[in-house]
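Dumping the structure here so I can ask a few things about it.
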Amino acid sequence: MSWLEHSIMAKRGVAKGEARAHHTLTEAEQGEYKYVYGPYAAPVLRVKPGAVVAAETHDAFHGAVKTEADLPTKVLNFPYVNPQNGPIYVEGAEKGDCLAVHIQKIVPRGPQPAGTTCLIPEFGGLTGTGDTAMLNKPLPEIVKKVHVDPVTGVKWSDRITLPYEPFIGTIGTSPEIEAIASIVPDYYGGNMDLPDMAPGAIVYLPVNTPGALLFLGDCHAAQGDGELCGVAIEHPTVTTVQIDLIKGWTFRWPRLENERFIMTIGSGRPMEDAARIAYRELTRWLAADYGFDELDAYMLLTQAGRVRLGNMVDPKYTIGASVLKEIVG
Amino acid sequence: MSWLEHSIMAKRGVAKGEARAHHTLTEAEQGEYKYVYGPYAAPVLRVKPGAVVAAETHDAFHGAVKTEADLPTKVLNFPYVNPQNGPIYVEGAEKGDCLAVHIQKIVPRGPQPAGTTCLIPEFGGLTGTGDTAMLNKPLPEIVKKVHVDPVTGVKWSDRITLPYEPFIGTIGTSPEIEAIASIVPDYYGGNMDLPDMAPGAIVYLPVNTPGALLFLGDCHAAQGDGELCGVAIEHPTVTTVQIDLIKGWTFRWPRLENERFIMTIGSGRPMEDAARIAYRELTRWLAADYGFDELDAYMLLTQAGRVRLGNMVDPKYTIGASVLKEIVG
Amino acid sequence: MSWLEHSIMAKRGVAKGEARAHHTLTEAEQGEYKYVYGPYAAPVLRVKPGAVVAAETHDAFHGAVKTEADLPTKVLNFPYVNPQNGPIYVEGAEKGDCLAVHIQKIVPRGPQPAGTTCLIPEFGGLTGTGDTAMLNKPLPEIVKKVHVDPVTGVKWSDRITLPYEPFIGTIGTSPEIEAIASIVPDYYGGNMDLPDMAPGAIVYLPVNTPGALLFLGDCHAAQGDGELCGVAIEHPTVTTVQIDLIKGWTFRWPRLENERFIMTIGSGRPMEDAARIAYRELTRWLAADYGFDELDAYMLLTQAGRVRLGNMVDPKYTIGASVLKEIVG
Amino acid sequence: MSWLEHSIMAKRGVAKGEARAHHTLTEAEQGEYKYVYGPYAAPVLRVKPGAVVAAETHDAFHGAVKTEADLPTKVLNFPYVNPQNGPIYVEGAEKGDCLAVHIQKIVPRGPQPAGTTCLIPEFGGLTGTGDTAMLNKPLPEIVKKVHVDPVTGVKWSDRITLPYEPFIGTIGTSPEIEAIASIVPDYYGGNMDLPDMAPGAIVYLPVNTPGALLFLGDCHAAQGDGELCGVAIEHPTVTTVQIDLIKGWTFRWPRLENERFIMTIGSGRPMEDAARIAYRELTRWLAADYGFDELDAYMLLTQAGRVRLGNMVDPKYTIGASVLKEIVG
């Protein structure tokens, strides 16, 4: 029996964690991809809890970087980067509810070399940027195209092949009245770039607006902690998610559950604020649902908490704080 | 002869810095006040360069805090705070242009005590917040209503009266595709809470979208550097601005000019990033328009730059960097 | 054959990674424990490369917190916390060299309950502190004593037992002319609170002053990422390290090697600066010693780097950035 | 009658704010200049409260940058920069007391061009540094020597002359057991680079160790807010200070008083932490000595506080928060 049957989604979901109607969201069905998370675009799909959606995602560059000669400054047009599928309207979802999104599968699509990473001027973790403004000359612009295969992996060089470990870089619900660029991570999810958003995991997202309005995109074939230069192995995919709805489970920041741990996710600057958010949310979750006194949870996480750095390059940095299920029971 | 005749607005504006048609934007004409800076709301007014607009602004609470018993958690409904007048569509404005907004006058309106400050739980510079998450108990919720008079000043207590030094707390243009909460300051302006946005000054704002879409509101009767507890002396006003348009003057972050200095304004977290943005913009401005080598400007500002802290409480902190006109000529 | 035989210490050490003379550093031999990392105290031991030293360490409170009634504010006397063994003078070590410290063994000592954690007012990751100053009331002061056993683990409660996973919380060499409180982590090591400083690992420390002057102490029986409340499971130990010397291997920040990965360690505030330091050092290390072009290393670490958060509570935060040996060869 | 007669120093000082014995601290009397703030060096002078000391200070480079061809990387030897006069032992000073230092006079000395500013690789506010590590190429190394005259000012170029507005860049007492590089500002003072440390002001410094051990140096002929590139107009001087002692006035961070305002000074990273420290200290000072309720002081400073950015380039950033005496009485 799968752990999924004991998941929070299974216990509390309107659809009891069951996969029901299947939908597709092909490029044609999607039509225009979206560049903001917000309530102003019409839904491209309306589903009921239990829906399974297979979405054709683009890479973060909408496929514009086809060869290593396609320099970002030539082929990209900011702020039209990081195209998203959606919004998907989930029937019955209201502010104060929680969307459960079980990531079932991520499969690469499109012509090879399917993977792209690059250095974009004034973007990345070890360079002056628009936010951390410097007078230094930017790093050179470099594009690297790589072959991506679910079985043989990501071919970095003759010497190095990395395992194919795909995940969803950007996923979230709509803010209530704001429309935020898809490059930003925040309380509703967005561009968290957290490798734990991988097949098998269930992401819990706060609902801020009627229908929740789920967006997703920006899948990565491989990524290290922090997404150091700002560009993981970006690749187009078919990503399949199962969507459930938990009524009245109200919290501010995204949560995640997989077979081994529960996690809370904070995004902010400076980075310690992302860590504080994640750990405060986890502390309070242990107090609310796992029978701990709040300060005892705080002291326990001091000994047993785990931290994953999602990104250190986006407009807000993202950190996940987790604890093993075997510890908190 | 006023310095205004030598201002950048006068030299480069489509309307040559001249005040032309007069408009009002009363509560009735405004209709619904706005809570996001974005391109999704219909303009409430269309004007030509040279327009003078007298806008009836609300205080940051839309007048909901009427007495010291009206606690914020009871009478406010987030994110519906910091109501804005606008958007005002400026004819001829296109992405890459610059809007010049000369602040002519700010006059208090409404019944006394017209001024409000308060402590809002988990908001402010010396308390844990939603962004800088702590487990400590919040500070108590306190409301203070004060009498505001342009002549006699802001009556803080029997012992202390502060001068009436009004300014516009929140002003800016629309982002291109985003709609950002009016509590946020960023590259398009917004909630900078910078006391130099006072009568007499000219604010230069980058245009990101057709018509520029000017918003403004949130006038303060008095405020210290940093707006420490997060709430200045908020008050409703009639605020009169003159709007001009500078074609093809392209920059990223707001600028300001008054009789004595030129200033660039950065917003970000951590605070040093706001300072870096402001000073990089000023360095480059000196290089572009005042005949300096970039590194010489950098070294000169080391000796002669001045910094004003706008806010240390909003989602991004705001810093203005300035230099006296008498130094840079 | 152990991986140690292929370690950098084995390849480049003056003693070729061999364990030679054995020394003890008992409480009596140590005499006064030290509270600063600096060159002003006389060495308590002089050793040659290859020396093995078994040191009796105190817990971070010098044993003053004996029961749950011994509140920190009553029994501690700042800045006399975090007592250190040393300094150990390593013959032949000069500025520009590198000390290799192989952590052989950590064994608890002293009466039970040997482990201590607590909440100290204005200290910790989710509370206002002396550095992140707030007006909120401090969290309550709480002491928790726990039984620590290498075999059965750390008994947190009737419900929860954590594995015994000991490591050295504070270890480093002396700065050249500074004497820094042992609670601080910085370029010379110090209070990094990084769980990878565990038995089996080799720590590489820059030498800044003649004899290197090694200090160590503050061993933890268990700790989560970030040491959230600021106090891990502190416990007294006998800690055994093997010390080697690598002539002319010059770098600025601590490094670590174990069977699986190589790591660089940065400490700073805000936290992103700690991450930047760690990743820049790792990028440059790959370029210097592993045959990578610097920007290619930067892009590879984007896909394959791993981050461990040591502490988010000390005067500087600590982050380790690592990459698997199987990837970089 | 001078405001000095009503100063805190006059009211509470052991010497009642009176200037008594005169001392000199010439280069010969100083002997070796000091590069750390700490208790490990023998005092060069012992004085009683009321002492006036005229100290021959060096510039931050110990005079090594004599011409514009003397590049910092050639003539400087880190960490031997920012030489300090002292320590001066003040009789009767004990931990928990406060040293009052009235800055009487700063006079340039030495051959012309007496002033030096420069760009040092990986140092400054708009460049990657050792703390904010980047992979970008450093800015070029540039030295600029300028003529400094108390009457005619600082001759920046044919076009620009800046007023001579000298102040003490680095001043403080010794930590209790630490010895910190003189380039660092912290709770005991140090390299604050705050232009308000100017003739006329009284600086109040916490005493952490017997005799207080006063250090000072690093005088600037002119400096903008933030000391943007990291190097003000450095120049050698004769600096005259009057030293008094206030028994039992215990606080953590430096304070300053001049004719117009009282100020508290915080240093930290990120910059908002420096601001928080400064404003918390000021809030509590108003509550302790000026008859305010703490939260009322917090709300008043929101309307009337003023912020000065000292440095945005040192290992900690420095901010002074002040309020006019005419407001707080």
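To keep things simple, chains are lettered A, B, C and D as they appear, and every chain counts its residues starting from 1.
In the analysis below, contacts are C-beta pairs under 8 Å (C-beta built on N, C-alpha and C of every residue); 3 or more make two chains touch, one makes a residue touch a chain.
The structure presented is a predicted model; accordingly, all values stated were derived computationally and were not measured.
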| item | value |
| --- | --- |
| Set of chains whose contacts include both subunit B and subunit A | C, D |
| From subunit B, the most remote chain by mean C-alpha position | C |
| Residue-number overlap at the subunit B/subunit C interface, same or different (half cut) | same |
| Mean-CA-position distance for subunit C and subunit B (Å) | 48 |
| Whole-Å gap separating subunit A and subunit C, where each centre is the average of the chain's CA atoms | 34 |
| Of all residues in subunit A, the ones touching two or more other chains | 126, 132-135, 139, 269-270, 276, 279-280, 283, 295, 298 |
| In the complex, subunit B residues that touch subunit C | 126-128, 132-139, 270 |
| Touch list for subunit B against partner subunit D, complex | 117, 119, 124-126, 139-140, 142, 144, 154, 156, 159-160, 162, 222-233, 269-272, 275-276, 279-280, 283, 295, 298-309, 312, 317, 321, 323, 327-329 |
| Complex interface listing, subunit D residues touching subunit C | 35-36, 38, 40, 79-80, 130-135, 176-181, 252, 266, 268-270, 273, 276-277, 279-281, 283, 294-295, 298 |
